[in-house]
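Submitted below is the structure of interest, expressed as structure tokens.
Residue numbering begins at 1 within each chain, and the chains themselves are lettered A, B, C and D in the order written.
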Amino acid sequence: MSASIILETRGLCKTFGAVTAAKDLHVTIAPGEVVGVIGSNGAGKTTFINMVTGYLEPSSGEILFNGKSIVGTVPRAITRMGLARSFQVAQLFPELSVLDNLIIALAAAESPRPSFFRPLRTRAREARADAILEEFRLTAFRDARVTAVPQGARKLVDIAMALIGEPKMLLLDEPTSGVSVDEKNALMDTVMAAVRHHGTTVLFVEHDMDVVRRYVSRILAFYSGEIIADGTPDHVLADAKVRELVTGHAADGHSARKGASA
Amino acid sequence: MKTVSTHATTFARRLSAGVAALAITASALAAGTAQAAENGKFRLGIVTFLSGPAAGPFGVPSANAAKVVVDALNAGKLPAPYNTIGINGVEIEPVLIDEAGGATKQVEEFRNLVERQKVDAVVGYISSGDCLAIAPVAEELKTLTVFYDCGTSRLFVDNKNPQYVFRTGLDAAVDNIGAVRYLAATHPDVTRIAGIQQNYAWGQDSWNDFTQSLKQVMPKTQMVQEQFPKVFQGQYGAEISALSVARPQVVHSSFWGGDMEAFVLQANARGLLDDAIALLTCGESAIDRYKDQAPNGMIIGARGPFGAFAPENELNTWFKTTYSGAFTMAPTYPATKMAHAILGLKYAAEKAGAKPGSVPASDAIAKAFAGATFPSVSGTATMARANGHQNVQEIGYGEYVYDSKAEKGTLRNVKTFSGDCVTPPDGTTSDEWIKADFPGAKCN
Amino acid sequence: MRFDKTEIALLGVGVALAISGLLAPGWLIFLLTVALAKGLVVQGVVMQMRAGMVSFGQGLFYCVGGYAVGMGGQFLGVSSAVLLLVLGVAAAAVLAMVLGLLLTRYREIFFAMLSLAFSMILYGVLVKGQALGSTDGFNVHSWGLFSGPASNPTMTIFYLTLACAAVVAFFLHRYTRSGVGVVCEATRENEVRVEYLGLSPRWILYANYVVAAVVSALGGGLTALAAGHVDPEMAYWTTSGEFVFIAILGGTGSVFAPFLAALVFALVRTYAIELVPNGWQMILGITLLVIIVFLPKGLWSLFSRKKEGAHS
Amino acid sequence: MQSLFAVFIDGAIYASWLFLVAAGLTVIYGVMRILNMAHGSFYAIGAYSAASMIGWYFADGSGNAWVSFLLLIVCALAAGLVVGTIIERGLLRYMYGRDEILMVIITYALLLILEDVMKIVWGVSPYFAYQPYTALGRVSMMGLKMSTYDLMLIGVAIVVGGALYAWLERTTLGKILRAVIHDREVASAMGVNVAKMFTITFLVGATLGTLAGALTAPAISVVPGIGVEVIVLAFAVVVVGGLGSIEGAAAGALLVGLCRAAAVHYAPEFELFVIYGVMSLVLAVRPQGLFGRTLARKI
């Protein structure tokens, strides 16, 4: 296995009853790449992430992470192998404070078996959490309960928690969804700065083509469970099929929807 | 933690306030109860089921009987020798407690009765589990306690040397030894016996005593079917089918309350009781309720000379009239047993040698109670077992007959067996006594 | 080791109770003993509630602890209360380790019902067990702290229970702030996230289940020593329902809450039985509804309301 | 052979009864996500009202069995609607949206309260309402005498089950309810008056509970505590079948009923464990119950 591939999928398929959510997906990603994934809703982007991170078992096909097959491996083991993810809807502990959310992630990164007696919140962990809060410009929300924090900040906490384990690769599922237009770039700047700092490989799903263009070196375009284009942003976004099936209608529809909800 | 000093002071203040509050509450609770106790009356704790399935058939008739008897005693209206006021001339103040809730809770309530309510004696307890749990606590607190109904044979096996605990009801083994003797006397030829018992200690022990006695007295009989439905199940469709398929001649059951009534109704409706005779050890408690829904000839008992089996005497006539007058129905056996227990206590208290008009000490009452023979609504009771702490009396069985003109259930073919015929002597458990073929039994 | 405010308060309340033990009347001491012991069982329920699991079968471990005490005296001739309690705790731990493997696969109503089913199976076994007195149960043999019999069992068991309650409360207070304790809450909040942090929610719930079982069994053993009697009713579902009742009454806000709630419950019940012997269940039901409507976080929120306000 | 036949017929009768008891519980859970502990109280209230009604109807010693049977049903409907309305309008509607487990505890409090309320209304003495049960007589089948009334229960259970199924599957109201079952928020967004649907469901569920009690009353002695005894049984059936599923309740009732009848005939010593044994086994194999749906969380 070549050392220049971190993630590879071979012939990955997933069906839900009569619906095909992934059809024969072949993807290879090299360490350090920043890959954008585009596609309309229901194109199979989240299904792809869910399969790669062990939440869904593929109907057939193979997934290799650092050359090792991870099909059938539970999400926590995949996380521990260095493949982390964020979520379309931030997955946090809503009744706990932002600080506690981060401290739990810090403790989890240290050991898979927490202590029964020693306090989870230590000075050292608090200090590290504060540093992270600063890095992600979240210090203002430090002691607030997650439920009292705006969407954009929640997405950041979600991503920060994924990064705490210092993953080799990070899958971001629509990091800017639910975030207002003017906050999007700030959020992505913060995230990408943190990622570059760690040298992490990134794959992210994004609807906003401006955001995609700004950060990625490569784009995968999904349509109806298949990859219809794969290459540099210029190449993929110029592709006729992509223009017709992905960016054309979908982008318009998408921004209209965003406008309504914002 | 940053402003430790200020936090710590308010915290310390609150903590000490809390500790003080706790202490005040404790002493207030203690003081409140002391007051209740000093009113010069004979405080009598009465514990029986006021809620749950045992309330209707047992608890409420018992509580009613206690009320009738206590009111009449306070008014001095009972026939002799119980025509003195209250107990030893002191007015009785009853404290009624619900027996529901399990043994741990009953131990707690018993301690409350003694230490908070300052009762002078306790009469009560239907459930055997409660009796077993209460007995050592009663001994520890030196409180005179009369168990009026619970039947477990283990009561004085576990508590070998009772001082303050008495039982005026009979041992449950008596029910089933008596039942077997009745069967042998009236139906000597039956061979196919079946049983249906509630699946708990009472049912298991009853069936065990019954089958063991049967082996001795009627060795030709065989057990063709035994069923142990869950207690309070209420519906016995499958069990009745299983019993019917086995074609028994006699169906023995220690059911009580709603379960018993439901079983009789269903078994009768389905024809089981056309072919087999039912033998119900607690059957008397529903004698006024079966009407025409139970077959004539069904054998019923009252766990002793109580209820419809109580003999004619002046006390019983008074009790029946007064009870019927107050509650529009004749007293069933739990009612008679309660009256019987209270009279026993009064008898002993007044023989204790205390100055009339004063509450006798528990030790003195206990001393007088042990081995006493006292007249009662159930005839004459003798505290003749367990060092004089366990009553020995005769037991009666009879056949149910419905008098359709008077719309009333009555008894026929009543036979009684003397106490010494059905009660094991001291020093042997009922189980051993039965297996040894009743050594020393004196039957009439 | 450094002590925080709650721990110091714990010590204070413990000392206060120990002193009031010298002054209080016997019935109150007994009531306190049983309330503290039951409070321990409720701690087990609360621990699981913090992890989002409501057990309608905690009576299982209450009963195991109680029967271990009873049987240890009856069949093994053990007369040391401490040893008997250890026996109960060990038995509960072993049982919980086995049952936990299955039960931690379930959540919410299914967990509640399945835990109830297991408790009822034990109830059935004990009812069948005529050697153990079936539903009548049996009395606990006389015992002493390290060897029997104790000269003053009422006071001995009071101080033993108080000591156990204090030690467990101290441990549980630390536990709720420890890794496992906080991750339990995290699991309740969002199991998916816990998994994606590289932790096993099932392992966390399993560990918590076993610890809760141990704490509840200790409460059961102490109750058995205090009441002097055990019976299968301890495993009946209504007993477990009572523990959930007390847990809701107190709330999950503090280690004090279950003890306080158990005490309030016992006092309300004993006075209700005395004053309204025919309607005490209704009084309990109304109390529960009032608490749920007006103090959704339990009685404890009366004490912590100020702090809550400052937070939000 | 005879006992095998008996197992089937006893099992079917018991299953019918179980289904009648469990149906209301599962309907309420399906729509409202409330596991109603007070369902046992509805059962007991139905039994008490029916017993009072039958006692009144036969007070002069005469009466027609079929008329009394109709009276039972009318009485159950009336009791269910009255009690259901009081509880839903007076208490539960203020509690909607709370945690599922908390709702269990709220209904547990209701159970405690209703137990004593029944005691105040009806006292603790047993009620006997045997006339409909005995007047219908018995039939002999393969040498086994069965009560006609018991056999009729099978018919009633089939009718009630069929009616519920048709109601949910074939009527407009049923379709709306299924939409609520499927996704409450979406249904609400589409203009469904969820609160009204809840009231209707609760009344239907409560009435099913009182109906089960009323139909059982003639065969038993109605005493305090009968409600508490049936709750856990009904829970077990519903959990085995799959919470919220009518077909599940039927399948669960049949499974539990047959297993129990078989135990009574062939292994009486295991009767006590049958229900919990079946429940544990089914859940171990199918955690969501026989007809339960698993909901994968969307992330």
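As a convention for this text, a contact is a pair of C-beta atoms (placed from the backbone, for glycine too) under 8 Å apart; a residue touches a chain by one contact, two chains touch by 3 or more.
All values reported here derive from a predicted model rather than from experimental measurement.
Chemist: B-C or A-C: which has the larger count of contacting C-beta pairs?
Modeler: Higher C-beta contact count between the two pairs: B-C.
Chemist: Can you name the chain that lies farthest from chain D, using the mean of each chain's Cα atoms as its centre?
Modeler: A
Chemist: Taking the mean of the C-alpha atoms as each chain's centre, how many Å separate chain A from chain D?
Modeler: About 49 Å, centre to centre.
Chemist: Could you tell me the distance, in whole angstrom, between the mean C-alpha positions of chain A and chain B?
Modeler: So the centroids are 72 Å from each other.
Chemist: How many angstrom lie between the CA centroids of chain B and chain C, rounded to a whole number?
Modeler: 33
Chemist: Averaging only over C-alpha atoms, locate the centres of chain A and chain C and give their separation in whole Å.
Modeler: Each chain's C-alpha centroid was found; their separation is 43 Å.
Chemist: For chain B, what residues touch not just one other chain but two or more?
Modeler: 50-51, 199
Chemist: Would you mind listing the residues of chain C that make contact with two or more other chains?
Modeler: Chain C, residues with two or more chain partners: 127-128, 192, 278, 280-281.
Chemist: Quick check on chain D: which residues sit in contact with 2+ other chains?
Modeler: Only 115-116, 119, 269, 272, 299 qualify.
Chemist: Mind pulling up the chain C residues that touch chain D in the complex?
Modeler: Its residues touching chain D are 54, 102, 105-106, 108-110, 112-114, 116-118, 120-121, 124, 127-128, 192, 237-238, 241, 244-245, 248, 278-282, 284-286, 288-289, 292-293.
Chemist: Report the residues of chain B in contact with chain D in the complex, numbered from low to high.
Modeler: 50-53, 55-57, 59-60, 199, 226-230, 232-235, 237-239, 241-242, 244-245, 257-259, 261-262, 265-266, 268-272, 286, 289, 291, 293
Chemist: Touching chain A in the complex: which residues of chain C?
Modeler: 171, 174-175, 177-183, 185-186, 189-190, 192-200, 203-204, 207, 211, 312
Chemist: List the residues on chain A that touch chain C in their complex, please.
Modeler: It is residues 53, 55, 74-77, 79-80, 84-85, 87, 91-96, 100, 103-105, 107-109, 111-121, 145, 148, 161-162, 165 of chain A that touch chain C.
Chemist: Could you please specify the touching residues of chain D with respect to chain B in the complex?
Modeler: Against chain B, the touching part of chain D is residues 2-3, 6-7, 9-11, 13-14, 17, 115-116, 119, 123-126, 128, 130, 133-134, 138, 144-147, 149-150, 216, 219-226, 229, 260-261, 264-265, 268-269, 271-272.
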